[in-house]
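Taking it in order: structure first as C-alpha cells, then the write-up.
First chain written, first letter: the chains are A, B, C and D, and each begins at residue 1.
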C-alpha cells in the first residue's frame, strides 16, 4: 500500500493529483480528516517512480497494507491517549479495573473506591453486555450507563464501558470517557465507523479468532473515520488448550508495538478466566512493557451477575498492585493517578 | 437449562406459574411468541421434582443450556426452511451460488443464468461487504441490493445477501429472500435480534473463532426474537494450517444435526479459499448429508472486486454440479429447482 | 529446492558434478538409492542458469523445499502402494478396520471376520500402544504382534500395526504388512529413518499439531531412507472446538493430492472420537476422493482396553460399508478384495 | 485416580493389599521405586470407602488422573532440580543459553564465555538436531557431544543437549548434565522411559500441539521410570497467529505451578522465532515467576547452521540479562552462578 500526501504547493486542493492517479488506472482513497490518499495496490518500484514523477515531492510513502494510519511507518512516535487526564501509551500505563457488569450504584461505588485506592486509574463496568446466551443477564443498559457516569464523577475516575450497537455509540460516548468495542465486535465494521465519529477515545479488544494484523486493520477503521485516540487490548485468543478460557498471546504486545504507534494493554481476566492465573499474567504484561492492564474485580464473585468466577477480590487486586508498582518502578513505567475529583 | 410450557388448564395465563417460580428464587424468562418459560439454571433432580409438583403436568423439559429453541430436545423433527419456494433441510439441499460482490447488473445476470442452468437454486451476491481493510471495495450498497432483487426476479431465483448493520436489516429483508449474517457478525447480538424480527429466513454463518455450540447459541438469539427460519452455515475456522484460508470443520454437519433441528449448509469457498480444493469439499459436504452448499462463482476471478481468487469459473461449477447430482441421487437427497419466473 | 540428476553421459559417476557444486559454494546432498542430488537453497534464476550450464542437460528441476521425493513435480503419476495384494492409491481405496488394541486372538478374529465380510481389506490392531498415561494399558506387545500375524494369515487379510520404538521396527515389519507410525511420532525422525529401511510399506499419520507440509516433510524422511511405499493418513488436528476429540481437516486430502503423488487416507475414528460422527465423515472422505478410510471397530466398545468410546460396532460398520460401496461406485473408485487365503 | 501407599504395618510387603484390590475388580499398578499403587479409575465415594476399609490407614489419596507423581497433591513442596550445582525451581532460576546447534569448539566456547559472563548458568547446544527437512544439517552428532562436554568443563558450566533416539540416551547422559527431550518427542514414550532410567536430570519441552496436562502426563513417564529430576519447558504452541513462529502460552507457568511441584522454564526463542520479541517475553517469563529461561544466542545468526534467524546476539543477551537481574531482585528470585571451574 502507498500513501500520498494529497496537497502540495503546485496543487493545493489535491484535485489534479487525484485525477492523475485515476488516469493511471488507480483507485485513490482520500482519508477524511487527513491530507492523505491511500492506494490499495501492490507497491512496486515502477509505480513508485511514476508517482514520484507526477507528485514532484517527497510525500510518497510505502506503508503496510490495511493499516496505514496505525503503522509505525506513518507515525514513528508513540501515540499517547488521554482518557480524561489519564495518559495511556508512551511509557504511561492504564490500570483499568472494576466489575464485569454494573449491578448497582452501591456495589460499583464500593469496588471503585477499593480499586482507586489500590492504584487503578480507570473504572470499568458493563452496561450493555454481549452474552452468548440470550437468556443470560444482558446488563442494566441505560440505567447502567447513568450509574457508571455518576460513580466515575464521584470518585474522579475516568470510565470505560462497552458499546455493541452503532445506534448506541452517541449515548455511550456521552456517558463514558473511553468507549470499548468488545472482542465479539472487533470486525463489526459499521460499529467501528460510528466509534470513529464518536469524539471519545476508543478501547478496541482483539477478537478471539483474530490475528494481530486483523486487530490493527480493525483499528484502521476507527482512525480512518476520524478518531486517532485508539487503545488496543490483547485479551486472549481461542486455542486447543482447554484448562484456560482463552490463550493469552502476550507476544502481541511487543509485536503490535513494533508495527504500530498505538498503545496496547492486556486483559488477563478474559485471557485466562482463572483468578489463580491473573496476577502472574498481569505482572508479565507489565514486564513485557504493555501500556496497561485491564482487570475484573468484584467484591463477591459468587454472586456476580456475569463472569464472576474470573474476578479478583478487591484484596487480591490490592496485593497485585503492590507488585505492579514495584515492576513499573524498576522498568521506568509510570501510572498516572486519577485526576482530582474537584477537577 | 429447563424449559416449561407456560400455560396449562389450571393456569391459562401462566401468571401463577411465573410467580411460583419467582418464589422459588428462580428468574423465569418468558420467550416472546412461544408458550415457554426458560430457566437458566443447573437442572437438578430436586428442582425438577419441585417444578413438576407445582406445574402438575408433563411440560417440564431439560434442554441444553443456551440453545433451548434450537435443540433437538425441544423440537425433534427437522426444520425445513422455505426460501421463496426452495426448501432447505429435511433432505432438501440448498445450492447457493453467485459472486462474492455484486459488481453490475450485467455481470450478476450472466453468472446467475449460468449457475441456475447448472442447478443452483439460490443466487448470492454481496451488496454490503465486510472488508478487513477500510480502503478495500465496500460493496455497491443500496444499488447492489436493487440489482440483486431485479436479477433474482428476472431469473426466478430466490436471493441471499449479507446484512452488517442493525439499521439496514429492514431494507435488506425487503430486497432479498434470505438474510445473511456473516462470520464476523456471528456474535453481533443486536444485529441478531433485528434479524429475529425481520420476517425473512436467515442464513447464519459460523464465526472463524466460534465453536459449534457458540453457533447454536447465536442462532438462539434469532429464534428467541421471533424468527424460526434459520439456516446455519459452516465456513471454516481459524487454525494453524497455513496452506488454506481456514480449516473446514466438516464434522460440524453431523454434530449440529445431532444437537439441533435447524438445517446446516457448507461453504467450501471461504473454508478453503482455493478453487482447487472447493469441488472435493463440496462433494464431501453432500456425502456428509449437509443441507446445502454455498459456492462463489465468478466469470472472471482475476478482475473480481473481492475474493476473486477463491471463486470457481461457471464451467467449473457446472462440472461440480454434475457430480453433486450423482451423489444426491445415490444418497436420496433432493435439490429443489428454482420456482418458475411466472410465479 | 533444486534437484539434479546425478549422473549423465559425460559424467557417469556424478563425481565431477558434485565437486562442481561444492565449488559453487553449495552443499550437495546425494539421496541414497536415487540418482539424485538435492540442494537445499533458494532456487533463483541465476543459480539455475549456472547449474544448467555446468550440467549440460535437462535434469535440473525445481521442486518444493523439504519434500522433494514426495512431490508431484518429482513424480507426476500417483503412487499405488501394494499392501500384500491390496492396492492403495491411484483410484484404489484402502478400507482399514479393526480394534484399537489387540486384546485376544478370539476377539481379534471375531472382529476381523466381521469387517472382512463387510468389505474391509486391511486389518488393524495395536500391539504397542502410545498411551498418554503411563498407568494405562500399554498393549500386549510381542504377543499382540503374533496374534495379529496369525489372525491376518487365517483370514487372508493384510495387517497394519503401530511401531513406536526404532528398536522394534524390524520385529514389527516381520509381523505386519503395513507398518504404522502414529501421530505422536510423526516427527520422531530416528523412527522414520528405521521405517525407511524396513522393507515394508508404511502408514504415516499426521501429527495433531502438524501442517500438511510437515506431514510431507516427515514422509520425505522415509522415502529418502529407501522406502517409497508410504501411505499418508489425515486423523484430525488439535483445535479450539471442544465437542470433538480433534478437528478433521478433510481439505488435506485434495491438498496433499495436489502436492504429492503419495496416497492419503482418512481416519474419522481418531479425528472425531465420536461414533455418531464417524459414518458421515467416512462417506465425506470417500466423496473427497481420499485413497482409503481407517475405522476402529470393536464388538463391545464398553469393555475395550483402549479408546472404546470411539469404536463402531460391527453392525454399524456394515451399514457404513454399504454406503461406502455406493459412493465408490458412482465416483469410479475401486476397493480391492482381500487376497485369497490360499494365496 | 487413586494412589495408595503399598505397605503398612499389618501388610509390610503390600501383597495382601494387591490381592484385595484385584478381588475388587481393580487393576493395581505398582510404581517401581515408589511405595505406591496407582489405580486408574474414576474415584468415587463408595470405592474410597471400601479402600479405606481394607487398607485401615490414611494413605489413600485422590490425585489427578495421569500425572500422579507430578501432582501437588502427591508432593506439596516445590521440586528443586540440581543440575551439577545449579539449582532450578523453588525460587531458583535457570538461565540456559547457547547456540541452536554446536558448530565447532571455537564457536561454542566463544558464545559460552559471553553468556556465562552475562549471567547464564547452563550452556545449551544441539548435537543431534530434529530437523523437519531430511536434507538440512542434522547436527554434529557424537562429535558435537564431545565438544559440549569439553566446553562445559572448561567454562565450569553445566550443559544441556537434546536426545532423540532411545539408543542414544546413555551416551547423551554421559556427556551432558541435563538431558533434553524436544517438543517433537514429547510423546515419544519409549524415549521418555529411557530418560527415566538415565540417571541425569531431564528437560522436557512441551509439544507444539500438546496441552498443559499432556505435558504433565509425559513427565509422569519419566518419574514413573525412576527419574524425579524433571524440568518442564513452555516453548510455544501452534496457533492461527501467523506473525510469530508459535504462540507462547505464558499462562502455562502459573498453571503448571498450581498443578505440579516440578519447575517450569520458558523458551521465548522457539516460542516467538523473532529476536525483536524475545527480550520482552523473557522478562515476562521472569515476572510470571517461571523457574528459568532458555535463550538461543549466536555470534553470527546469519551464518548459523540452524535456526539462526531466531538467535540473539551476545550483546543483546547481555542487555537482556541486566533487566532479568533487576526483575529477579525485585521479585526475590535467585540465579545461581556457575559452579567454579576448579570444582
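Following the convention adopted for this analysis, contacts are C-beta pairs under 8 Å (C-beta built on N, C-alpha and C of every residue); 3 or more make two chains touch, one makes a residue touch a chain.
Predicted, not measured: the structure shown is a model, and the values here were computed from it.
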A-D or B-D, whichever has more C-beta pairs in contact: A-D
Equivalent interface positions on chain A and chain B, same or different at half: same
Inter-chain centre distance, chain A versus chain B - centres from mean C-alpha coordinates, in Å: 32
Between chain D and chain A, distance of the C-alpha-averaged centres to the nearest whole Å: 37
Chain centre separation (chain B, chain D; CA means) in Å: 48
Numbers and ranges of chain D residues touching at least 2 other chains: 209, 237-240, 242
Interface residues, chain C side, partner chain B - complex: 209, 211-213, 237, 239-244, 247-255, 258, 271-272, 276-277, 280-281, 283-289, 323, 326-327, 330-331
Chain A partner contacts - residues on chain C that touch it in the complex: 238-240, 242
Sites on chain D touched by chain C in the complex: 1, 29, 38, 40, 65-66, 68, 130-136, 164-167, 184-185, 187-191, 207-210, 214, 217-218, 220-221, 224-225, 237-238
